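Next up: some structures, all given as structure tokens.
Note that subunit A is present in both complexes that follow, paired respectively with subunit B and with subunit C.
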Partner chain A sequence: MKPTLAALALTTALTVPGLGHARPVTFTATLNDYGGNGAYLAFYVTDPSGAYVGSLWMAGRKSGYYQHLTGWYQATGGDPAQIDGITGASVGAGRTLKITLDLADTLMDAGYTLHVDAAAENLRESPNDVTVPLTAAGAGQTVAGRRYVAAFSYQM
Partner chain B sequence: MLRSLHRWPGLLALALVTLLALSGAALSVFPAAERLAAPGAVPGQTVGALLARVAAANPGVEEIARSPAGRITADWTTAGGPVSMVIDPASGRAVGPAVPDRLHRWLVNLHRSLFLGDAGRIAAAAGAAALLLLVGTGAVMVARRAGGWRRWFAPVRGGQAGRWHVQAARLTLPGLVFSALTGLWMTAATFDLLPQGAPTRQTFAPGTGGNALAATAVADLRVLTLPDPGSAGGTIRLTTVAGSGTVDPASGALLSWTAPGRWQQLAEAVAALHSGRGAAVLGLVLGLMALGVPVMGGTGVALWLGRRRGHPRVRANAPAGRAETVILVGSDSGSTWGFAAALHRALTAAGQSVHLGAMSAFAPARYAMARRILILTATTGDGAEPASARGFLDRLARAEPLAIPLAILGFGDRSFPQFCGYAEAVAAAATARGWARLIPFDTVDRQSPQDFGRWGRALGDAIGLPLDLAHQPVRPVSHRLVLVSRRDYGAEVQAPTAILRFALPRVPLWRRLTGRGFGRFAAGDLLGIAPEGSAVPRFYSLASGTADGFVEIVVRKHPGGLCSGQLLALAPGDGIAAFLRPNPGFRPDAGAAPLILIGAGSGIGPLAGFIRANRAGRAVHLFFGLRHPDSDFLYAEELTEWQLEGRLARLCTAVSRGARPHHVQDALRQEAAQVARLIRDGARIMVCGGRGMAGGVAEALAEILAPLGLSPAALRAEGRYVEDVY
Partner chain C sequence: MTKTLTLLTATAAVVLALGMPALAALSTDAGPRATAALEATALRLAEGDDEGGWFRAAGRDHDEDEGACDDDEGGCGAAPAAAPAGTVAPPKNGLFAPGAAPQVQTN
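Here is the complex of A and B:
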């Protein structure tokens, strides 16, 4: 999957003046074989104080299940406007999700943190399965998630 | 119409609905199995107490969850990664790993989406909707056939497949409706088609929320998530059956609480009931009822195939609007269709364009090109319209008569009192409405090819076409019956008579289900026997029902009688070929009013069968005419026994040989006062025997009834006076 979306244009808090100061960033998340139905993943960003800034991607289309992405749900109250136009299919066990988004330059190296919440039907919820600072140096480094994500990285 | 609405969706959705039902039935076992396998709950245990035990036994526990079936699991992270264990709530210790059940997940995905994602969910919902349609149309058909919704549980008659179909439907209908409706509801909820309802959220100042962990019973727990030790100031997240909230880990005090909206609660309840989560017994019942679907699917296909065999396919059937000849058929069991198809073939071969249809589809306004209408109709046992002629007389009465002539041919059996009664009614109604007649009204007795050929020649003469109608009706499949025992009577009084008892034939299940079994029968139904050397079957009233476990008839030897001669020559172990013919018009009704049974000679056969089946002890009065008590007192021993058992209230015999010759009608007159009283109390009269005896009985009853202001004709119209006369 390789949608190139102006995520920052869609989620207000991530918009910065001048779309020219943006660059494509590719996020890659590979799930482990957790033995369940397709997992829902919420990608969102918090600022240095820990406050929710905006959403980057929602893997999973049934809004009824969003409450199980507890970190994202608490931050947004499940507001569908937060993920309008940046929603895709859920990700099966053992599968890899790859998304490319145009991210504002100002998000990099400014203390912002990327969170990935994960949940799968009848299995344990995993808020903050991945939390990584958004830094230029962190790009290309692979980290392991806590429960569902076996390997996560982002490339600029 | 209703049948098509049942049959075609049923056949189309058969595979899908069966798949849903079987997967649903398999899934229904899981909640019960999980409940049985889970370590025993501790009565009255609170979440706080459980947490203390689990945390003590498993340092680093991150989450505790309880499944609706009562299984408690705890999660934590080891050096090797996250682990999930089943917990014994009494000790807090892990008893084994909580492995996700792959079979269960596979079944769930099959059941709700056929592994096809959203498209599959819509297909499954369509299957549930089809099931509702089938249940609805089927229920109306069952009620109609039983004679009203109040008689919903009335015994079913007919072929094996039909009975299984209806029985399964009656038993499983509530479960199927419930499962289909809740399933549709769940699909609607998944696709956000239902209102969400706003959750209510409360926050509590420190010290005002109460100790949530001590106040919540483990039975209400869903998930308890402990704060991440890495991040300071975290809270416990508590989710129960009522909602979810945050809890201060130090004090256990509730900080905030969110309760889902009404619609959300309803959706959860519906999902729990549909899947049996937290309601294992209900789930098992629903699963068991779901098994009715494959049963009804199989028997439904068998019924459809059986009906197709009964209705011959017609080649080149012209549309009603373009046919020169319109053939309309009134048929109950399908045999008249065979004759009509032969007529269609012959006329088509003679160059005519012919339309063949059911009488119930009578629509003269559409017959734009028609030059004649030919009506072929049977008559049901009680003289009423056959199934495919439903509503014909009403349509005939409303329609403007056309300028084209009609020909009417009745099919029937002269041994029935209402021989071609419906066909005659149609003929009379058509004449009254001013329809011209192409050829005179005629009848075909017992599917006689000769009668049919004769009528065909008359028709051919009238329309100027040489018609050779050859139709050999397909005889019902005969079964070989083996004689078990015989009891002989009456030789001394020149009326050799025998009670012949045959074993029930053994028929493989598949043949029974496809309508080729021997069939179920009750006393009063007819046994058709074609003697060797003749193609025409003779019919004998049955003196037993399926429940008795044998086939019994009473046969009197007629001088020179081919069939009775062969039957009376049978020795135990010998066999004959026979088939059943239902005789619904001659059956005791389901009521509790007294029964007056009147019979003479071999006519006692079905009456004895009724008494034998009278386990409910209904007041039965038997008037039996015989020649001499020492010679032809059929069923003498049984009748005494049945009186002792309460199956027969009173036996009154009339002996015709001896010093004072006496017939049943004389016995009736002698007991006139009692007979009159019984009839006033609503008694039903059933007469079986020779034509002469029946006439004498009717005369005697007319005398007895006159003072009451009643007549045999009036009782007959009410269905309280029925005869089986030969």
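Here is the complex of A and C:
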């Protein structure tokens, strides 16, 4: 009995902290009615020094268009491995994209910044259409993007 | 003189027959759209050249609708397409909890 309890205690001790290291975060972006085709959006994170850390989501599947998401493209060289498993459809004008991701707790209140680059066919590119610091206090606050994103927020 | 008048009358009739419908269409349905298109073009031109645009990528651009560049087949020299969400795990970039699949919704 004692070895069983010891094993249970050990596995619990190892598992519980792991569960505490991530939390679901929902990002919501509503686009302006800009009157063009579906927009490509790249969600990515930079560290306190401004260096690229990783991507969170890519809206738009054609890699040939990624060069127009200029901030993301400069950081990654368009490497598809950066967005494997986190790529979906482009977002139509006036539509709302909602993504829920299980993110590491260490991202919050640690100086990380979320960037959203945007571009649409025959229209202007918009690197850093949205830039927001990832903080607990910033959760639930809505901000406006520069060109394509009418409203952006994240919820924890 | 009679011949000249006849020719003039015939020309005027042809011009009226062809021109009036076109003028009528321009002044009703097409007018606002043409004006809006001109305004949109002027707005884009007025935005300046501080940032690039999709339309500036002539020669390296691809037409999604016509399938001129199918990335699934590795065409146009573009990088291969990334794996869609749900088909593989998110990248191990330290941002995601292991094994958690993203949930996405568009309204």
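Methods note: the second predicted complex is superposed on the first by the 136 of 156 C-alpha atoms of A that agree within 3 Å, B and C clash if a C-alpha of one lies under 4 Å from a C-alpha of the other, contacts with A are read in each partner's own complex, and residues count from 1 in each chain.
One rule holds for everything that comes next: a contact is a pair of C-beta atoms (placed from the backbone, for glycine too) under 8 Å apart; a residue touches a chain by one contact, two chains touch by 3 or more.
This one's a predicted model, so the numbers in the text were calculated from it and none came from an experiment.
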| item | value |
| --- | --- |
| Touching partner for A:Leu97 - first (subunit B), second (subunit C), both, neither | second |
| Touched partner set for A:Gly35, first subunit B, second subunit C, both or neither | both |
| Contacts of A:Leu107 with subunit B and subunit C, given as first, second, both or neither | second |
| Which of subunit B and subunit C A:Ser63 touches, first, second, both or neither | both |
| Contacts of A:Leu123 with subunit B and subunit C, given as first, second, both or neither | both |
| Partner chain in contact with A:Thr87 - subunit B first, subunit C second, else both or neither | second |
| If touched residues of subunit A are counted for subunit B and for subunit C, the larger one | C |
| Contact residues common to both interfaces of subunit A (with subunit B and with subunit C) | 35, 37, 62-64, 70, 122-125 |
| Residues on subunit C engaged by subunit A in the complex (per definition of touch) | 40, 44, 47, 51-55, 57, 60-62, 64, 69, 71, 76, 78-91, 93-97, 100-107 |
| Subunit A residues within the subunit B interface of the complex | 34-37, 62-64, 70, 122-125, 128, 146-147 |
| Subunit C contact footprint on subunit A (complex, rising order) | 21-22, 35, 37, 45, 53-58, 61-68, 70, 78-89, 91-92, 95-104, 106-107, 119-127 |
| For the subunit B and subunit A complex, residues of the former touching the latter | 63, 65, 75, 77, 82, 84, 99-100, 102, 105, 109, 189-190, 192, 223, 225, 228, 237 |
